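Here chain A shows up in two complexes: once beside chain B, once beside chain C.
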Partner chain A sequence: MEPLIGMGVLALMGAAATIAGASEDLESDVGSQSNPNSQVQLAPQMMYPHRIYNKAISGEPPSNALMCAIGGTTASVLMTAYSMSPLFAIAMGALFAAIVHGSYSISAFLGRPASQKRFKQPVYLDILRSHTPVIMGYSYITTFCILVVSYLMVAVLGHPFPLPLLAFIWGITVGAIGSSTGDVHYGAEREFQNVEFGAGLNAANSGNIVRRAESGLRNGIDNSWFCAKFGGPVTGIAFGMTVFLSGWVTTVFNPAISPIMGWLSVVAGVILVLIMIIWNRKIEVAARAAFGPYKEDEVAA
Partner chain B sequence: MIDVVAILMANYLYVLAITLGGMLISLSVHFVPVGGAPAAMAQATGIGTGTVQLAAGAGLTGLVTAGAVMAVSDSLPLILAAGAVGAMIMMSVTMLVGAWVYTYGVGVPPASAKVKYDPITKDRQDLYVSQGTEGHGLPTVSFVSGVIGGLLGGIGGSLVYYSLMMNTTTSLTTSNLVGLASIFAVGIFFVNAVIPSYNIGGTIEGFHDPKFKKWPKAVFSSFIATFLSALIGVLAIGGL
Partner chain C sequence: MSAGGEPKAIGGAIVPNKIIAFGILGGLIGIYAAHFLDSMISPVFSFMGALGAICAIVWGADAVRRVCSYGLGTGVPSIGMLALGMGVVASMFGLAVGGIYGPILAFVSAAIIGLIIGVLANKVLGMNIPIMEQSMVEIAGAGALTIVGLSTTMAGTFMFDEVLTYVVAPGYIAVIFIAGGMAILHPFNACLGPDEHQDRTLTLAFEKGGIAMVIAGLVSAVAGSAAMLPTIMIGVFIWYTSFAKFYELTKRDSYKILGSGLLPTEEELQ
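== the complex of A and B ==
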């Protein structure tokens, strides 16, 4: 394949992955999935009943892997057994995945607050009606974009793995990245805007999540509005970078040409990792200089 | 009826290589700095997700890269290196963007609560831990530890995949072999990502964490679990 076409395909994959990452994080913010949900689950027990959608179907990686594997299998069957166009097959695959995810969300939402009846946590049916379509919409976008990435890898870049398995693996990866990056913005900042900015959650404040919104009472859609400003986009950048950079090293230095090119791709990858280690160190130094320590040094004082 | 002894005799080296790969994955998970749910609230040092989730995300990204390289090259060192690079890139990107969120979104500096001074940069840690938390963010030592975790996990996952693919007695077509070998590789990866999480118990900061010293127990357990998985994997693929 022409290197330029390879780079173009890679750019398209990176763009699709960026959208997938952003929508994955916002889906988990609307529905309150993953680790920050521990606080949403805890709040009623600490006498803070709330109107936030509470679904933790599973950890984000398995739940996204399930969605993407369902979408990938459906698309693969439609393309091979029924000779449908890839675009139609991917759209149908994503639709099936969104429906399955929606049904899991409803059962998770009805189950979780219902189990907290003794703490006077109501089951808000208007929240169920307004949030579930949003969750399904985001899961549709995530699955669609991941299927586009997987299909391009199989059909254009000639990756040997079958489409459903690639979709499964990228589903695990997007969930792992979403729960590692964007969710921190939701868990450490948005849920606890009632305490002073610039500190981790003091264990004494556990469960005391913000329940009042900019207008009215806060719900999951308010949370996704806030996280769409920072947490969602950076998750997208992280997943887009992962897909783009891991493919970029082998596209620019193609191991199919010669083993030396293969080793050059390894060197390029290691250089990228070193740059990121240095970048992280720069952020660490800058953050410490800008924020300063929380405590005085007892010896110096 | 398949000839179990003949298949194992022909592929015994690959059974051993898969077992070694599994042990490497098990060791790699101890290096990955994860803070679990508390880290998602900036309450513990490390990445705010589960051990298995992150190790699997990185290792499987490495498997995708290794699979792509194995389709065009048969050099084992190159395939292992490609897997390691894929996993290291995923891990570094995740930790770097995580650092953006902790610093710019939450406003906390990276700090470890397990050591007073960062073993690599010699920076003071305890003064930068906010009240009521067990540290937050990713100090340099945790970042480097995570990269090492990605390296070992990527090598381990690729070794498992390579060994399953090189089965000498199988009569599967290449596309079926790739499908079956990659699914077994993913399965073996998950087995070995779960075993160390009993050692880690939710949070570990990296190789400077006291919990890291418990790694031999997990690696020994992985030896047994992966050996059995390798027998089943090699027999299933070799007998088809």
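== the complex of A and C ==
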């Protein structure tokens, strides 16, 4: 394959992965999945009932792996057994995955409050009706983009893994990156906008999430509106960079050409990781300088 | 006190032994029925494998429910993944060397792996959960039967060569792993809380098993399209009836189901 075509495919994969990362994070924010969910779950116990969607499917990596694996499987079956065009098969796969994801979301939304009867958290059906389609929409976009990435890897870059397995692995990856990158913006900032910026989560504040919005009561869609400004895009960039850079080293230094090239790709990967570490450290130091020193007792801790 | 919190006896209308018998017998009968009826009468009958897998999923969900009631809040998804991780190893081993006794061998080897993991968790890691060993054996066995059951539906048989061709090589084993694992871990994770009820959790296990069955039916089109439609239709039927039942039980168990409304008042919360 021409190196230029390889780079073009890689750019397309990076773009698709960026969209997938952003939509994955916003999808988890609408439903409060993963880490921030523990506070949403805890709130009624601490006498703070709320109108926020409680999507306790599982952690983000397994639930994204599920929808991507289902999408990849459906697309693969449609392509092998019915010879459908890849684009149509991927669209159908993503649709089926979104429906299954919607079913999982609904059962988590209904199950958790019902198991907390004694804390008097009502089940609001309007939240279910308004949020579930949004969750399914985002999960459709995520699955579609992950399947595009996986399909390009199989069909153009000649990756030896089959489509469902690659989709499964990328699903876990996008879930893990969304959980580690984007959730901080929702869990530490949005849920606790009533405490000082950068204060961290004091044990006394556990469950005391912000439940009232600019107008009316806050819900999951308000949260995704906030997270779409920073948390979602930053997750997208993180995931896009992961896909792009991890492919870039083997496209530029293709191990298929010679073993020396293979080792050069390893060296390039190590250099990239070192650059990232130094860059992240610089950002952290700059943020501390810009937003003031941490408080005395927190420095001691 | 154990590391996982105070031991808590968890109640339930159905005693564990009945569900264990349901899972093992239902699972193995479904798998063998699918294999023999498929070759003797018609390939349509390979849907029986997925029915066996649903029995195993319900058993697995109940085992997860019992072990996770010892305060394994965020450990619920991990336990589900562990179940299928042990199950994949055991089922591939069992089917590869067992021939016609493959599913039984897979189940036995899963139980042995589960026992070792359970002993390691309790004795080496010091988790000190009294039912840990038994639960690990149970979820490993349930995971193995789920994988073998769904594979049998997809390939039409549990013979290793066909399973390798139609399930493992095209990567469909990934969807079995995650759809089976989620069906085992999600019911208790979704219904976690002090007012959890066994019937509601297990109804949810049936629902998620129905979804896994629909997926297995879809994949069975690759090996031959005869079983696809019946498997998908039975899967959708199980999904729909158990979802309706789950919603009914949610209405029974929840504090209030409101179309819309404000938050409960301070007085109401007292």
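The criterion applied here is as follows: the second predicted complex is superposed on the first by the 290 of 301 C-alpha atoms of A that agree within 3 Å, B and C clash if a C-alpha of one lies under 4 Å from a C-alpha of the other, contacts with A are read in each partner's own complex, and residues count from 1 in each chain.
Rule of thumb we're sticking to: a residue touches a chain if its C-beta (ideal position, glycine included) is under 8 Å from a C-beta of that chain, and two chains touch if they have at least 3 such contacts.
Since this is a predicted model, take the numbers as computed values, not measurements.
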| item | value |
| --- | --- |
| First, second, both or neither for A:80, with chain B first and chain C second | second |
| Chain C versus chain B, contacts on chain A by residue | B |
| Contacts of A:70 with chain B and chain C, given as first, second, both or neither | second |
| Chain B versus chain C as contact partner of A:59, first or second or both or neither | both |
| First, second, both or neither for A:165, with chain B first and chain C second | both |
| Touching partner for A:288 - first (chain B), second (chain C), both, neither | first |
| Contacts of A:123 with chain B and chain C, given as first, second, both or neither | second |
| Contact residues common to both interfaces of chain A (with chain B and with chain C) | 38, 59, 161-162, 165-166, 168 |
| Parts of chain A lying in touch with chain C, wherever the complex brings them together | 38, 47, 49-51, 56-59, 62-63, 65-66, 69-70, 72-74, 76-77, 80-82, 100, 103-104, 107-108, 110-126, 161-168, 211, 217 |
| Chain C to chain A touching residues, read off their complex | 74, 76-77, 80-81, 169-175, 177-179, 181-182, 185-187, 189-197, 200, 204, 207-208, 211, 215, 218-219, 221-222, 225, 239, 243, 246-247, 249-250, 253-264, 268-269 |
| Chain B partner contacts - residues on chain A that touch it in the complex | 34-36, 38-39, 59-61, 153, 157-162, 165-166, 168-170, 172-173, 175-177, 179-185, 187-189, 191-192, 197-205, 230-231, 234-235, 237-238, 241-242, 245-246, 249-250, 254-256, 259, 262-263, 265-266, 269-270, 272-273, 276-277, 279-281, 283-284, 286-288, 291, 293-297 |
| Chain B residues within the chain A interface of the complex | 36-37, 39-43, 47-50, 53-54, 56-58, 60-61, 63-65, 67-73, 75, 78, 81-82, 84-86, 88-90, 92-110, 121, 123-124, 126-133, 135-140, 143-144, 147, 174-175, 178-179, 182-183, 186 |
